[in-house]
Amino acid sequence: MDSAPQGLTIEKIHVWRGDRHVLRGVSLILQPGELMQVTGPNGTGKTTLLRVACGLLRPEQGSVAWCGRPIAGVRPQFHSALAYAAHEPALKGDLTALENLRYLVGLKRPVRTAELEAALERTGVAPCAQLPVRVLSAGQRRRVALARVLAMRSPLWMLDEPFTNLDSAGSALVTDLLREHVSAAGMALVVAHHDIALSARLRRLELQ
Amino acid sequence: MWTWFYKLASPPSVYRTATALTPWFMTVALIAIACGLIGGLGFAPPDYQQGDAFRIIYVHVPSAYMSLFCYSAMAVAGAIGLIWRIKMSYALAAATAPIGASFTALALVTGSLWGKPMWGTYWAWDPRLTSELILLFLYAGVMSLRPAFEDPARGDRAAALLSIVGFVNVPIIHFSVQWWNSLHQGSTIAKIGKPSMPGSMLWPLLTMLLGFTCFYAAVVCMRLRGEVLNRERQSAWVREAVKS
Amino acid sequence: MNFWAMGGYARFVWPCFALAGLVLAWNVWSARRFYAAARVRAQRALLMTDE
Amino acid sequence: MSTADLEPQVSALRAMTLIVGRELRLSFRRPEQVLQPLVFFLIVTTLFPLGLSLQLSLLRDMAPGVLWVAALLSSLLSLDALFKGDADDGTLDQLALSGQSLTAIVLAKTASHWLVSGAALVLVSPLVGIALGIPWGVFPTMLGSLALGTLCLSWLGAIGAGLTVGLKRGNVLVSLVVLPLAMPLLIFGAGATDRAAAGISPAGALYLLGSLCVFTCTLAPFAVAAALRITLEG
């Protein structure tokens, strides 16, 4: 029984920003157990590609399919299987790290506080669980955002520059998390300049 | 069945059709308006109540009619654009907005000029004129929302949605203003009702209505060419369209 | 019968028709100006892509 | 369990209660965002007596209109808090990608926004009623019509906020977009209070206000979701 094609297929995406032709016919296929790294100089539409891939931005031409079906039709399923970490960590400054996680992860799946604390532990920010996020440093906020992605347990990760504001230990942490995710049949689309030391299953997409 | 519709709505064919239709609509419009004026000013007998002041109806009623007609056209074009993702219907909506707003302003001014001889003041919060004023505000809302977005496609969609919401509210506004007016002033004031019109008064009015509608069609075609060019600057067919 | 006096309401009738003419003329004028501006912008965009 | 049919595991109702909890918690963490529109409401209502002569009878006639116009303007002020905060720090994207329907999210956010702004305004309005000399007997109608009116306003405002969330100078535009749509509301609301003050039964106006409120509350969520989808997805 040929199971439906798993994973994400993006075909010939064209996006204009006003007069600028930002994405010119970009295509990619992401299968379970693979990491796709998107690189390229600034302004070549890396973030735009990520926003198109996760369905946040509708391209003028081209299509995005999840498990063989266009995402417009399967939006709830697609978004349930997706964890997106944007360039800016999407956290509320007035809420504590734990509250931030509880509300955003809680929308996706019923989650207990213990799991959230474990995720924060795993990304090394357990002590700041009860602190309002506005007092945390940029690196700590990046780690809280990573904890959110971890706690969502989504098969498809989309990370926009996950290495920014992170020290060497932080970068190593991100690489480990990606390796664990990919080896557990997860998928990841990562925009990053930092070369990800990942042995197998790493493919690159260079945008001009 | 849909292919001809998409071909028709393709930018180059919209551009060509608009260019071709403009002179036809304009001539019909000018002829109709000329006949309407001659009939309205020359042949129609003066009204037994308002005397010759009633002749303002030949300008006020058509412009009031066009103000609502254009808003509805804008809302329908916006809805078509949102539902079927047809870029050209956004262009039509964008082209219609200023025309409708100008007719609304004309209807307001002619209405208050007409009100002076009847009520002694230029503005007596007559329910129809008040609804017309709020319609002008609705136009202002749509026309200031569209250019506020850097991305023109997003501006089109936002303006389309607002014009639909506004369109749903037009009857509500009209009813609530009528209710509010009857609350305070009662209906003693002689409204700008269409006095029961004998034929010689009526045909000029119908001709003027036809003239104004064709005039709208002509001007919207003219503006549409500009809107299409603005939206299709990158495509190849624009090259020889603007070469001459 | 003095046509121009409009039964004493000339002060209201003729301004209305004059304004109507003005609005119609404005619509045509602004449509032409809008189209001309769009054409210029399109030509400039074409020049840019040619370089 | 293949990833294809991973249904959202959190029910819409559960998600909505979560979001309401989040919004209320955020509001209590930033009380000034709640209090400022209320203070504005009080200031505007004190402007009118200063601007007009002080004969109480004139003031009493004007009171319903003054109260309602001030309520209208102050609810416009509080619209910023609805989507702007979330759009700026990126949480709005996370909400849109949560797998929950955008309409449910919008329903929860606008309902909690009303609790914090509209309901608060209704609680403060007796203060203004006394100041403007509105007789006691009129208070029930005033509070009832204000409650319905502010709920309606929150929804109309949500449409305006949804459309202008991404814009830099959006707040003037929100008023330009929302106020014409809110005029029937003002007519029926102020009309109800006015008739109650004049001793006539305000039932007619209240029924109309109620029906307008039901109409707006049922259709607006879809319009707001569509507006957000436009500004988010482009």
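Read from first to last, the chains carry the letters A, B, C and D; within each, the first residue is number 1.
Here is the rule we go by: contacts are C-beta pairs under 8 Å (C-beta built on N, C-alpha and C of every residue); 3 or more make two chains touch, one makes a residue touch a chain.
All values reported here derive from a predicted model rather than from experimental measurement.
Among the remaining chains, the Cα-based centre furthest from that of chain B is the centre of A. Note on interfaces A-D and A-B: more C-beta pairs are in contact across A-D. For this pair, chain A with chain D, the centres built from the Cα atoms lie 35 Å apart. With centres taken as mean Cα positions, chain B sits 49 Å from chain A. Rounded to a whole number, the gap between the C-alpha centres of chain A and chain C is 54 angstrom. Note: centroid distance chain B to chain C, computed from Cα atoms, is 14 Å.
Among the residues of chain A, those in touch with two or more other chains are 19.
Among the residues of chain D, those touching two or more other chains are numbered 234.
Contact of a single residue of chain B with at least two other chains is seen at positions 151, 233-234.
Under the touch rule stated earlier, the contacting chain pairs are A-B, A-D, B-C, B-D.
Interface residues of chain B facing chain A in the complex, by the touch rule stated above, are 150-152, 233-234. Of all residues in chain A, only 16-19, 21 touch chain B in the complex they form.
Looking at the complex, you find that chain D touches chain A at residues 2-10, 14-15, 18-19, 21-22, 25-26, 29-30, 89-91, 93-101, 232-234.
Within the complex formed with chain B, the residues of chain D that make contact are 159, 163-164, 166-167, 169-170, 173, 176-177, 179-181, 183-184, 187-188, 191, 208, 212, 215, 219, 223, 226-227, 230-231, 234. Note for the complex: chain A touches chain D at residues 3-4, 6-7, 32, 54-58, 66-69, 74, 76-77, 79-82, 84, 86, 88-95, 99, 103-104, 106-110, 132, 155-156.
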